[in-house]
Each structure stands twice: as C-alpha cells, then as structure tokens.
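Chain naming follows the written order as A, B, C and D, and within any one chain the residues start at number 1.
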Amino acid sequence: MTTFYGIVPPLVTPLLSNDRLDIDGLEKLIEHVIEGGVHGLFILGTTGEAQSLSFEMRVEMIKKTACILKNRLPLMVGISDTSLADSIKLAEYAKQYHADAVVSAPPYYFATGQPELAEFYGELVRQSPLPLFLYNMPVHTKMNFSPSTIRQIAQNPKVVGFKDSSANGTYLQSVIYEMRDHDDFSIFVGPEEMTAEAVLLGASGGVNGGANLFPRLYVELYNAAHEGNLDEVSRLQKIVMQISSTIYTQGLYGSSYLKGLKCALGIKGICSDLPAVPFQKFEGEYVIRIKQALDEINF
Amino acid sequence: MTTFYGIVPPLVTPLLSNDRLDIDGLEKLIEHVIEGGVHGLFILGTTGEAQSLSFEMRVEMIKKTACILKNRLPLMVGISDTSLADSIKLAEYAKQYHADAVVSAPPYYFATGQPELAEFYGELVRQSPLPLFLYNMPVHTKMNFSPSTIRQIAQNPKVVGFKDSSANGTYLQSVIYEMRDHDDFSIFVGPEEMTAEAVLLGASGGVNGGANLFPRLYVELYNAAHEGNLDEVSRLQKIVMQISSTIYTQGLYGSSYLKGLKCALGIKGICSDLPAVPFQKFEGEYVIRIKQALDEINF
Amino acid sequence: MTTFYGIVPPLVTPLLSNDRLDIDGLEKLIEHVIEGGVHGLFILGTTGEAQSLSFEMRVEMIKKTACILKNRLPLMVGISDTSLADSIKLAEYAKQYHADAVVSAPPYYFATGQPELAEFYGELVRQSPLPLFLYNMPVHTKMNFSPSTIRQIAQNPKVVGFKDSSANGTYLQSVIYEMRDHDDFSIFVGPEEMTAEAVLLGASGGVNGGANLFPRLYVELYNAAHEGNLDEVSRLQKIVMQISSTIYTQGLYGSSYLKGLKCALGIKGICSDLPAVPFQKFEGEYVIRIKQALDEINF
Amino acid sequence: MTTFYGIVPPLVTPLLSNDRLDIDGLEKLIEHVIEGGVHGLFILGTTGEAQSLSFEMRVEMIKKTACILKNRLPLMVGISDTSLADSIKLAEYAKQYHADAVVSAPPYYFATGQPELAEFYGELVRQSPLPLFLYNMPVHTKMNFSPSTIRQIAQNPKVVGFKDSSANGTYLQSVIYEMRDHDDFSIFVGPEEMTAEAVLLGASGGVNGGANLFPRLYVELYNAAHEGNLDEVSRLQKIVMQISSTIYTQGLYGSSYLKGLKCALGIKGICSDLPAVPFQKFEGEYVIRIKQALDEINF
C-alpha cells in the first residue's frame, strides 16, 4: 500500500466574503470529515477554488487548515499556478505549515506540448520542498499528461502520485498500466462517480468533492471496493449517483457542481455557501431543490 | 439479465480493395470469434468503418455476414447515417437478413440539441422494423445523448439498449443510474479498457474491438467481472491494457486503433489488413512493431 | 480573374416533406437568385442540408436544378460523403447533368491526419469527372485543411478552388498567402459576415447563405468590395450584419442559421420552410420574430 | 476617433532568467517600437507571458515600463488573473505608475456562463481604478464574450474598449455591429493577419505581436487600411503573411508563435530570446530557420 490512499476530500474553501475565510466553517468542516473517517485532506484544489482566491488567501487557507488539523491526517496542498515561482512559494508555505505533499496541475493559461510539460515539471519537482502529486484536469487546463510523460516525470522519487480528474476511464486505466511497476506511486481518481470502479481496478483512492458533505459514504464505498465487497459497492454507488444527479446538476453552467456542493454544505450547517468570484451562490428555487435532494438521500 | 449482453465484437469489415469485401476473411473472422465464445456480433459500427463504405457495400456486408452466421448468435447491425431515409433502408435490409437489432449513432454532420435529438430518434424508432440500440460516440458525432434524453427515447419499448463509446466513466455511470429501473435495457461499453469496471458496476457487456483479435480474452474478462472474480479480472485487465498500449498506439493520428487492429488481424492470418479510404494500411516499421507486440502477448 | 468568382449562393434544398422536393419552390428560388445577379449556384452544400438527404434525393436535386438552370450560370455540386465511392457516384451524376464543378468536404465521421487527407484527395481528384473545389468546414468535419495540404492537393490542375467556412480570418489569410502564385485558383469564403473583408483582401467571392434570401445585397457587397468602394461596403455590411444578428440567431442550437434562413424564405413566399430531419421548422414565436426582423431590413 | 486606436504592440517581456527582467532589452524594445511610430503600448498580455510571470515580476514590469516610457504614449496594462483581488491589485499598480487603461481577459481556470461573466465584470469594473478593456482570448480562456454580454458590461463608461484575439471574423463583425452606436468604444484585433481587414471594416486598430519586431510595418499597414489605400494594404499584407507563415510556424506546439517572436527579437539584437517557463527558447535548427526567414523579409 502506498503512503497516500483512501478518501481524501478536496476541501471547499469556506468564505464569509470574497476576501475573508469562514474560519468557524472551516473548523466544522475539518472535524466533520475527520469524524467521517477520511484518510487525508487536500486543500486548494479545484473544489477549493484555489484559482479564484488571492495568493494571500491561499496562504491563509494553508495556515488555518494546518492549525486546525494539527497533523491528525496527511495534508496535501494544491500549488497549481501559471507561474512557476508562485507555485514554489506556495509549496514553501505548505512545507512551513507541515503539509505532507503538494499537488500541481499543468499551467492553465498556456497549454504545453508533452516535452514542454516534462521540462516544466522537471524544474518544479527539482525546486519543490515537498513530495509532489501530478494533477490531471483537462477541462480546466486544456491538456492531458500522456502516460509516458507521467512515467518520465515520476523518475524523480519526489513525485509520489497522480490525481486524475479527466473522467476518462480508458485514460485512467492507461496510466495505471503505465505505472504498474511503481509500487509507491499513488493514483487517485477525482470524479466520485468513478471511485468504486477505479479502486476495484487498482487505483489508490478518491479525491471526491462529495466527501465534504458525506465523508462516511465515500469512506465506506472505498472500503467496500478495496475489500472487493461488490454488493456493498453496488448499494453505495446508487447513493453516490443520486447525489451526483441531483445536487450537482442544478443551474445551467459548468459551475453547477461547485455551487451545488457549497449550497448543500450551507443547508447542512457545516459552512458558508458562498463561492468565490467569478461564481455566485445559488438562491431561491435552486436552494429549495437542493434542500429537497438532501432530504431524499437516505444514508 | 437482458436479451443482449456479454462480449459483442464490433466486427471489422475485411476488404480486398476499397470496393470489394474479403469474403474468405469475413468467414474466418466470424468463425474465429464464435470459437472464442462471444455472445453476439455487431457489424457496420465504427470499427466496421461503416461510414467509409458505400451504401451498396454496407448492404453486401449485412448479407454476407448473415449468410455466414446463420443465426448462430444475435446479430446487431449499424445503421448510422446522416440521412434518416437511408438509415431506415439499412434497417430494412437488416430485417430482411434476420438481424436481431439495429444500432444508431446520432447524425454526425449536423450536431443537434437534445430536443432535436429526441425528435429525430422518435421518428427513427417509429420507422425502424427492428429493435434499436442508441450509440453514443462523441468523438465522431460531436455530442452526447444526455441521460434524460436516453430515458425519453427509451419510453418506446423498441429501444432495447445503449452503447457508450465516450470513455467517460462519470457519464456512463450517470446513464446506468438514470436507467436503473429499466430491467430489459442493455448497456454496453465500447472501450475495452473499461469493460471490466463497467460490468462490475452494472453494465451488460462490452462491444470491444479487440474481441476481433482475441475473442476469448474479452469473454473471460466479461465472465470474471460478471461473477465478481476480482483476481481474475485483475490478471486479464493487464493483458487488455498491454494490447491497448501497444497494438492501438502506433501511428500519429486518430486512426491508430483501426489501422493497428486490422494490421494485427492480417498478421495473424485472420483477414485482410486493408482499411477503407480515407485510411491507408500500416507498412514497414509499423507492421514490425505490431508483430512484435503480438508476439509478446501471453494469452 | 478566376473562372469561379463572385456570389455563389449555397442553395437551400426546398422540401415538401423529408422525402420530397418542393419543385415549385426550387424553381422560384433559382429564378430569384438569378434575378439578383448571382455569379453561380452551389447545391448540396451545408446550407443545402445534403447530409440529411437520402442519396436518391441528392441525385434528384442535381437533376431538377440542372433542368431549371439550363446552364444559365456555372453550377457547383456538393459531393461530400464519408464514402469515396458514393462521392464519386455523385460527381458522375453532376457531370451527367452538366455541372461545372464539384465541391468536397473531408470525410466527416473519421477525422484524418493531414497526410491521410492528402492521400484521400489524391484519389478523389484522380477519379473525379469534374473540376473540384476543396471545402473547409471544421465545425462539422472536426478538422482543417492545412495550407500546405491545400497546396499539395492543388498540384493537380483539376483542383480549381477552395471554400472556407471556418470563419477563421487568420487561417483564410494563410491559405490566400500559400496559394498566392496559383492565378487560376478560386478562394471563396462561406460566412457572409466575412465576404467584404475577404474580397477586399484577395478572395474570389462568397458562398453566402443569405444570398438565397437577398441575392442582390450580396452581389452589391461583392461588387463594392471588388471595386474598392469602401463607403458602399460599409453601408451594405451593416445590412448583412443586421440579417446575421436577427434572422440567424433565433433558437438555442447550432441549427439556428438553417432554420432561420428557411423560415425567412417561407415567409417571403420563395419556397417551403421545412428543414430536413434531424431539424424541425420554426413555429410560433420564432416565426413572428423572423417576420419582424425581415420587416426591419431596409434594402 | 476613439482615444485608443492604431497599432499597440503587446510587448514581450524580455527576460534574463525566469525570475529576472532584461532591463536593457526592455529599454531597447520600447525605443524600437516608439521609433516605429506605434500608437500605444500594451504590457502583460498573452505575448507578454503575464501568466507565466510571478506577481512580483508583473509589478516590476509595470514599474520599469512606465519608467522608460515616461508617458510618451498611452500605456495599457494586462491585469488578467483568475483572482479578482489580485487583478485589482495589479490595476492599482498600473494606476500608481500612470498607465492609461487596464486590460482583462475572463478568469481562465473556471470558464463561466455569460451571466456569471457579466457579474464578474460588473464587480471588476466597479473596483478598477482605471478605464478597462475587455480581452477576448478563447484559445486560452475556453470561452467567448457574447456580443450582448459586451454591450451589457460596457454600459459602464469605464469600459472603453475590446480586444479580440479569437481570429473569428464573423464573431468580430458581430461585436463591431453590436457596439455600432458606442462611438467611444475601441475595438482592437489581436491576430496581425486580420488587422488590415478589421480596420477596413471598422475596427480601431491592432494589438499585434509582430509590431515588437517590425513596428513600422504594422503602423504603415494600419495607416493604409485607415486611409482606404487598398494597393498599399495588399502590398504590406503580403509581408505580414510572410512573417506569420515563417517566423511563427517553427516548432510543433502552440508555443511556436511566442518562441519564434522572441527568437527573432534576440537575433535582431533587440532583447533576450528567453521565454518564461513553461516554455523553452528555440535552439539549433530552429534559430537557423528563423534567421533565414528574417533575412528574406524585405521591408
């Protein structure tokens, strides 16, 4: 088993306003997911809206999380930035606050060719003060790491894992196959709809947004898949899909998932429902529908 | 269990020239996959290069396949065409030669909105003389059936199943969840890299190109997944991925899969290696590499 | 000046039903555009919904058009098909009915690499009984001809021109520059919003859907651009943009242009407003808005 | 005439290393373009590789440019960032160093729907201490401003213009038409291949990367187009296309333009040829080809 595995919620960033953390919410959220049995925390990912936060806010989020978490679980910190220097600065803050690893998606303004990508990560890994996960997120970065680029970058043992949010099952299997001889290399899947199947077929775990809301559900799903308990997987998968097809599908744009997740966290009294700019929170009819969807979830 | 399930190879169309079927090859190929234990045949799909064949050749392919198959297995016939009238004509030929179902991808020149798609299929299903599968193939058709559009079209009981070649695991799970109450509705996955996980999570089977080449491998994979034998799934999945990452990845373009598959079938003496125009067959170095890849597959 | 130039309307295909031409409408339409001063006709293009028509209907459209046109203007016939053999068959019908050239977009199911594309057109041009235009339509075919592929294909003097519907101004300029030494090579632009600028910068003319409706407007725009009369270009361009931003933008999907154009032709009593399946005609509110938009056009 | 017009080079950011400006190069570059007669400067755009620079470096670039420029020309500063707060901080630095306007592309990690975009810009414009240009750059931001969204945002008179780098001629004409009654609203085109046609059809000018290299060429092209001198436009357009098709097309990836432009600036002794990470500078054969291309340009 790799060092990093299981369910690692990509924490939302609770906000009182676009410029101010909801510290109480963050505390409640962290205790909520720890109680749910999660295996680690990942902050400042896509679900954490890192790109929408100022640099200063991102540093604040690292600091506050570390302070609340007190090393009770492995902490992974997103450092994705279009600037190498600013990525490294974030990694240094992560190190300073005792995070266990950093997570980096490719530069998301300029898309690169694979050799350019390999050179970029060569440099980033060299300068990173912490072990690093590669983060594949093609919807936002407009590109995929090719399996052979991953292997090439991972020749440096500081590269300890890979998180795939492509939702492409063929691609994920290709990466798992390409890295089959790297025993210590963790492979996480982003979309929670795929966690069961990915773990059944060899992935290390899931970085699933829904685990902010129902941490135990995803932990049990992971356990069932890890133990090969297919009946239990089947039972839990239906609940996962119910969440996915109700809470994440309100609204008209790509922001439905994020707005729905934060709205549901607000309704459950865990933390503020405010997304960072450029998104606005759900109001009116949307809130009613998400409340109703939450009521119907039987877990 | 649904009427249609298991491994249904999307047969390649063996060609002597762009205008002439390789009848001997077709016969050998059909006997080869039947011996391998497959559960049905699907002709004139993407792997069958239907769109590259003249209408006349497509009719010929239906006729010859039916004649060789002699109802030994369920036969599914691709009728995808940008013209409704020509789709229906193909469906009538399929009916005349005793096929069991037809398979239709959305019009692939004009992409439609979901309501337009539902209306199109309303009409197609009404006119179709045979049960129909919906075929999701966004790389070629530039669109996905939304899960709710599938449910809407499938209110007509003549719609008996869905084949998904999107490779999007989240999407496939969404369709499985949306159709969870339709017991007789078959859901097949196209990409063979995802067959195991899809069947483990509730899909009916795989329409896998590699089953032209190694039918028994995919049948055993399906059986292992269907029985929940995870060790066996894991063992066989590695071979599937070896095929995927060697035979389908030569060449520089999207045609790598098709050219590689036909090249391998030629090397194994099953049928001609000639693709239909606009593709050309692999030569030289590529053939050597695929030969070598075949030699290294230990099944 | 090249043989083919000026405004060549891509004729809509008037339909009484999905399987029956509106012959009276076709006759009125042809007389309408001839009266408007157009320089040629192009049938069975994208605006002609060729892909949605059965093969038989396409042949019927060639025959009827030729019969009505009686060689009064150059006739170009779209032969785009995913099957080479069926493309050639259409080209032979075009030849039989005295068309002047055929027009071919790349195979639109399988997208090809550039060398595959060059080989495909090498074969198509070799077999074509008529001079040929290349037709770039990336929204539908998922690819562009690279400028150097165009030059390579056009080494065969049977290739007499290029029609670009990419709407990419940089790309179009690159093609014009690449072909700068081919005096007899016609370059047409598809989107009517770009006809003026394209002709000012060296293109041969426009294949503009709006010329079905207001042929004289586009002819005058072409003339003004060709003569370098910038004030007149500016005046007419505003009307072209008014049409573009009102008649083509109703409805929610990619079909807005086609449905809007046919709807307007119906309102003006030129021909039937029925699109071919998979599209449905505008009804109710949409028709009222297009009627109103037509009323406001002051030409 | 609007306040902002003509040729406004998007300055490259000359670098000694990834963390250090090439101040001498910047000085030479600014004097070079001023001598060429350009009408303004735009720093920290896409050509300026703003996203690849640390926040600190971006501030440094504003400061040094202002110091060298000494208000001799209008200065526009790119403030595009995925964080609203950091965008505003950059705008405040721009104000502090006497820039004339700021330029903002949509958040480029999360793509937004049009109403979300309008709300984002409502807030950004409200907080901006300087007049603002909207910057459409869909290749990098994965979205376009719809023409009606532009009009909506531009109801605030602090929004003084629009720069379009989509290369979509139909789209640009739609924006020009939509904004036809806003006399003080500047519309610039990014791709230099389209500057002539855009200005002939009503655009205010070009923000053209090539003007770093050959400022006078683009100024003369702008003047010719603005005066309606079509023969001169035609003569100069050929040189523009020669540059575009030789200097910007070396290399295999999307970075060809940027690497080629910086390489040429290095060869001409204007400034360092080093791109910011994630790109690497051209070496060997590429440099030779660009040198040769430069030698062949006869201006």
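In this section, contacts are C-beta pairs under 8 Å (C-beta built on N, C-alpha and C of every residue); 3 or more make two chains touch, one makes a residue touch a chain.
The chain list, named the UniProt way, goes like this: A, B, C, D = Dihydrodipicolinate synthase.
Computed from a predicted structure; not experimentally measured.
Where touching is counted per the definition, chain B (Dihydrodipicolinate synthase) and chain C (Dihydrodipicolinate synthase) have no chain in common. Look at the CA centroids: the one farthest from the centroid of chain B (Dihydrodipicolinate synthase) belongs to D. Judged by shared residue numbers over all numbers used at their interface, chain A (Dihydrodipicolinate synthase) and chain D (Dihydrodipicolinate synthase) contact each other through mostly the same positions, with over half in common.
Per-chain Cα centroids separate chain B (Dihydrodipicolinate synthase) from chain D (Dihydrodipicolinate synthase) by 48 Å.
If each chain is reduced to the centroid of its CA atoms, chain A (Dihydrodipicolinate synthase) and chain B (Dihydrodipicolinate synthase) end up 34 Å from each other.
Looking at chain C (Dihydrodipicolinate synthase), one finds that none of its residues touch two or more other chains. Contact residues on chain B (Dihydrodipicolinate synthase) toward chain A (Dihydrodipicolinate synthase) in their complex (touch as defined above): 147, 167-174, 176-178, 180, 191, 193-194, 196-198, 200-202, 228, 230, 233-234, 237-238, 241-242, 244-245. The residues of chain A (Dihydrodipicolinate synthase) lying in touch with chain D (Dihydrodipicolinate synthase) in their complex are 18-19, 46, 49, 51-57, 82-86, 89, 106-113, 116-117, 119-120, 123, 140, 142, 252-255, 258, 277-280.
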